[in-house]
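Heads up, the next two complexes both have chain A, just with different partners, chain B and then chain C.
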Partner chain A sequence: MAKMSMKQRYSALTRDLSWEPSYVRPETMFPYTSFEGIKIHDWSKWEDPFRLTVDAYTKYQAEKDRRLYAVLDGFAQSQGHLSLSEARYLNAMKLFLQGVTPLEYQAHRNFSFLARHLNGAGPRFAALCQSIDELRHAQTEIHTLSNYNRYYSGLHAFNTMHDRVWYLSVPKSYFDDAVSAGPFEFLIAIGFSFEYLLTNLLFVPFMSGASFNGDLPSMTFGFSAQSDESRHMTLGLEAIKFLLEQDEANVPIVQDWIDKWFWRGYRLTSLIAAMLDYMLPKKVMSWKESFELYFERQMLDGLFPDLAYYGIKPPRHVQHAVAEKDYLSHQVQWVLYQFSFAAAFTTTVPEPAELDWLSEKYPDSFDRLYRPLWDKAKRIQDDGGRFFFQGLPQLCQTCQVPMLFTEPGDPTTICQRSSEYQGEHYNFCSDGCKWIFDREPEKYVQAWLPVHQIFQGNCGGPTVPEVLAWYGIQDGDNGEYLGSVDNQNWIGWHAGAGVKTTTVGG
Partner chain B sequence: MSVRAIGEYSFPSRSRQELYGQDQLVHVLWRHNPTMGAAACFRAPRAMRFGDFVHAMVEPWAASDPDFDPATVTDWQLEGEAIEPKDDETLADLGVEHKFLLSFTTGRA
Partner chain C sequence: MNPTTVRSVGVDLQEVNEDTHRLVQAIEHDNPEATVRHLPGLVKITVPGRLVIRRETVEQRLGRDWETHEFQLAIVSYYGHIKDWDDDEIVISWDH
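Entry: the complex of A and B
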């Protein structure tokens, strides 16, 4: 037989392996693709821009893995961790490992569900590839960061922490919301909103942060994932265009999902905002700059005019997000600072040069609103104290972030919204989160809110030490950075000739 | 609009009042004090007297801010409406329900 062309080969190895059911009805074989109200008339219209086959895919990924693991070995053997910008840089990576890596695994699971349950052979295969990518990302992230676990605190129980710790309920509940939706909503939630609309805001800060702060392994992981991510972005865009082109009745459904998942994802990125402006000792760009470039310019100015052709409008509440860009990172970090006694990362007052950098990047807000707070924290610290919030915070029922966000246009008034549903009162941080709840209250009444669970006695006990033990947080994982185990070790490793290590984990 | 689901979709609230017995959750916001990054959440008996609630729960929390002076606490609001609570009124008497928001200022604008 003559050698097949790429196109023939692709067809033979993917769509030709599919079949039309003859003795069951299609609805029996694919029971999940009608209840959401989405109408698909012709699954074959799904385009596969990459034309991957399993053999090509695995060969390519194996090569990337070989390169990554060679870097990991070299870095470990040469004590590469000693050339990080500073030990506290790893707070960003602790947040990544605890908050993002478990989401990769969840994405793997749900894309593998789509790989079985979408009617079309094209999208099934694309979902299969993405499912394997996500599993590989979870594994390689764990391997990449596990090298630091020998020397630094906060990295030893990321999976338990993801399921239990208060700030990690933000990413966990976000993804639980997506995987408990139908397959089409999941495609818009994760395939489109997460992997396309917000992907650069979510991932570039971590990977550029790694590159600027001497974290060669994480940077190499980032490059290794980049080609996958561009494939995921294409899948997300293909998914939304496919749904919009199949039937006009799909347009309002998709618009609703964009509105919901933009705001859900945007609230999730508030943790990234704090990370970018405060956790990186060597700064890359400010949150505001990142938001303007990756969201306002690329998405609002670039993508949405294209989607207008289908009748899609920019996401509801997007103007609130734009209005917050001068305040968001500062408000979030200030809360992380005062609650870090219960976190698996440390915080500290920014150094003078960092405060000046923040003044320069936020001329309209930093000196007026936030520098005075850090000055006060410094004063307390100079007097031998440390400012912590002696209690538990009010949480938003939808995003689960402590209710720290302010009224649109008034950065000095905490925003409070509420709804009554079946005789019970629910609190929200914003119009966006209230709108999401009011749309599907049956879903969000089930929220596992960490503060409420502690008060119900479900988190190890009523005292802070009992809750921290249940969280898996050990001495040195949490609290103030200055004087912490990581800080002391760092100083010891870089002073004089001998390398002295304090025990990690208390 | 409600959840579109493959079957019946009805689940109880995971924070409903009955899970707290005779108690309820009460939120307290210190208005216009940027030091406290969010309102606090307390578990308090519905029959707790307001004065006891303030002294036993609100003041120790507010003292996280070293500038706090209990004598300056003023302008109480319940769900955004001004109230004038008396120390011996219970939270239930005041109309404080599960997960409601009380707030105060300390005279700073």
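Entry: the complex of A and C
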């Protein structure tokens, strides 16, 4: 018999293995695909351009893992961590492990739910592959970064920290919002907005940053994960096209979800903005350049004209994101600098060459607004001090980022919005976050806001040391980088004489 | 939308080994208008309108058999729609 073509194999192994239920009604077998108001008339219209079959999937995934583990082994054997650009580079990876890796696991769980509960065989199989991918990502990220845990602080309790530490409630609450939505909203939230619209902003800069800063293992796991990501992007894009093509009544529902999930995802990327501009000792590209390339050019100029065919408009509030690109990373990093005594990473004043790079990349804002702040912080440090903010910040009820963002068009006035709901007052960082709350207040009043929880006595006690102990933060994880355990070890390892290591952690 | 504007599509590949290098050569050969940009660890290829990756051209450059599924080992990201992915070619373009 002649070898089957890719199309025939896909059809035989995916579609032909499905069946119509004969003794239960489809609504009983698939109970979750009607309550969101989305109308689907023909599930067989779902396309999978990858035409992936289980044999091809396992073959290439195994090869990806083989390549990754070859790199990990070589790096560990050769003490590769000594060739990093600097120990403080790992702050970016600490943020990644604490903030992103647990999201991969959540994605694994929810895609496995979709793999059971979507009506069509095509999307079920695509969701199953993505579910297994996400589990692989969580495992390979933990495995890769565990090698650094032997030598560096801040990597030892990422999972506990993800559930407890204030800045990590930003990614955690974002994903909780998505997995507690219905299956179609989840597809638009994670499949489309996260994986297609914003993935390049989230991941590609991390991986290029790893490459540029000597972190071969992270670069390799990143690109290994990202190679699955192109399939995930396709799933997200097929999902949105499918919903829009199935029924015109789906269009306004999908538009609302795009508006919501663009802004939710964009606020999440504010941590990436700070990472890209400040945490990498060797810079790859600025947040502004990355935003212009991956979001404005590829998405606003590329994707949205395509979706206009269905009546879809660019996301609501997108103009605020565009207007913020000169300010975002600086505002976020300035807050992280002041609060890193309560974080599982360290911060420090950028080196002179870094300040000059920031001036060059942000000619309209940096020298005028942000360099003076860093100069002041430097003067305080040179005089033997270190400024940390003594107090707790107000958090946005929706995105949970401290209220640090400024009014659109006015970078010197903090933006503050609020809503009343059932006699209670809620604060927001932006029009986008207020709009999201006002659509579904009953959902967001349940937010677990870290600052409120501390005041309510749910975080280990009323003092900073008690809260840090409850967070799982040990001495050396937090605070100022210069003079930290990681910094001292780094200097010792590179001093040329015998290698001396201070114990990491308590 | 201005109908005279041709929107670009693109693909990002890992810059890992000789195979990627030859893959990029094959893509450049089949897409004369391609712009290739190198970032750390990454090759970014952009083409106005439509990007095609042909199995035959890749096999010539590699000097061995290559199935289009293998492209999954190289691809990091793309923009546009995957219009077709079969035994002989992969095509990326916008729909509308």
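The rule we apply is simple: the second predicted complex is superposed on the first by the 499 of 506 C-alpha atoms of A that agree within 3 Å, B and C clash if a C-alpha of one lies under 4 Å from a C-alpha of the other, contacts with A are read in each partner's own complex, and residues count from 1 in each chain.
Everything below uses one rule, namely that contacts are C-beta pairs under 8 Å (C-beta built on N, C-alpha and C of every residue); 3 or more make two chains touch, one makes a residue touch a chain.
The structure presented is a predicted model; accordingly, all values stated were derived computationally and were not measured.
Q: Please tell me, clash or fit, for chain B and chain C sharing chain A in the overlay.
A: Here chain B and chain C can both sit on chain A without a clash.
Q: Quick check for you: in the superposed arrangement, does A:R439 touch first (chain B), second (chain C), both or neither?
A: first
Q: Answer with first, second, both or neither: which of chain B and chain C does A:S146 touch in the superposed model?
A: After superposition on chain A, A:S146 lies in contact with neither partner.
Q: Would you sort A:E63 into first (chain B), second (chain C), both or neither based on which partner it touches?
A: A:E63 contacts chain C only, not chain B.
Q: Looking at A:S419 after the superposition, I want to know if it touches chain B, chain C, both of them or none. Which is it: first, second, both, neither?
A: neither
Q: Take the Cα centre of chain A as the vertex and report the angle out to the centres of chain B and chain C, nearest 10 degrees.
A: Once the structures are overlaid on A, chain A sees chain B and chain C at 150 degrees.
Q: On the A-aligned overlay, A:N159 touches which partner chain: chain B = first, chain C = second, or both, or neither?
A: In the superposed model, A:N159 contacts neither chain B nor chain C.
Q: Given the touch rule stated above, what does A:S112 touch, chain B (first), chain C (second), both, or neither?
A: neither
Q: Please indicate which partner A:L395 is in contact with in the superposed arrangement: first for chain B, second for chain C, both, or neither.
A: Only chain B; A:L395 stays clear of chain C.
Q: Could you grab the smallest C-alpha gap between chain B and chain C in the overlay, to the nearest Å?
A: 31
Q: Please name which positions on chain C make contact with chain A in the complex.
A: 1, 7-10, 12, 14, 16, 39-42, 68-70, 72-87, 94-96
Q: State the interface residues of chain A toward chain C in the complex, per the touch definition above.
A: Chain A residues touching chain C: 5-7, 49-52, 56, 59-60, 63-64, 67, 199-200, 204, 207-212, 219, 223, 226-227, 229-231, 233-234, 237, 241, 284-285, 297-299, 301-303, 305-306, 308-309.
Q: State the interface residues of chain A toward chain B in the complex, per the touch definition above.
A: Listed in rising order, the residues of chain A that touch chain B are 31-32, 35-37, 182, 331, 334-335, 338, 369, 373, 376, 380, 385, 387-395, 402-404, 412-414, 416, 418, 422, 424-427, 439-443, 445-449, 451-452, 455-456.
Q: Touching residues of chain B toward chain A in the complex: what are they?
A: 1-6, 9-17, 19-20, 25, 27, 29, 31-32, 34-43, 60-61, 63-66, 79-80, 97-101
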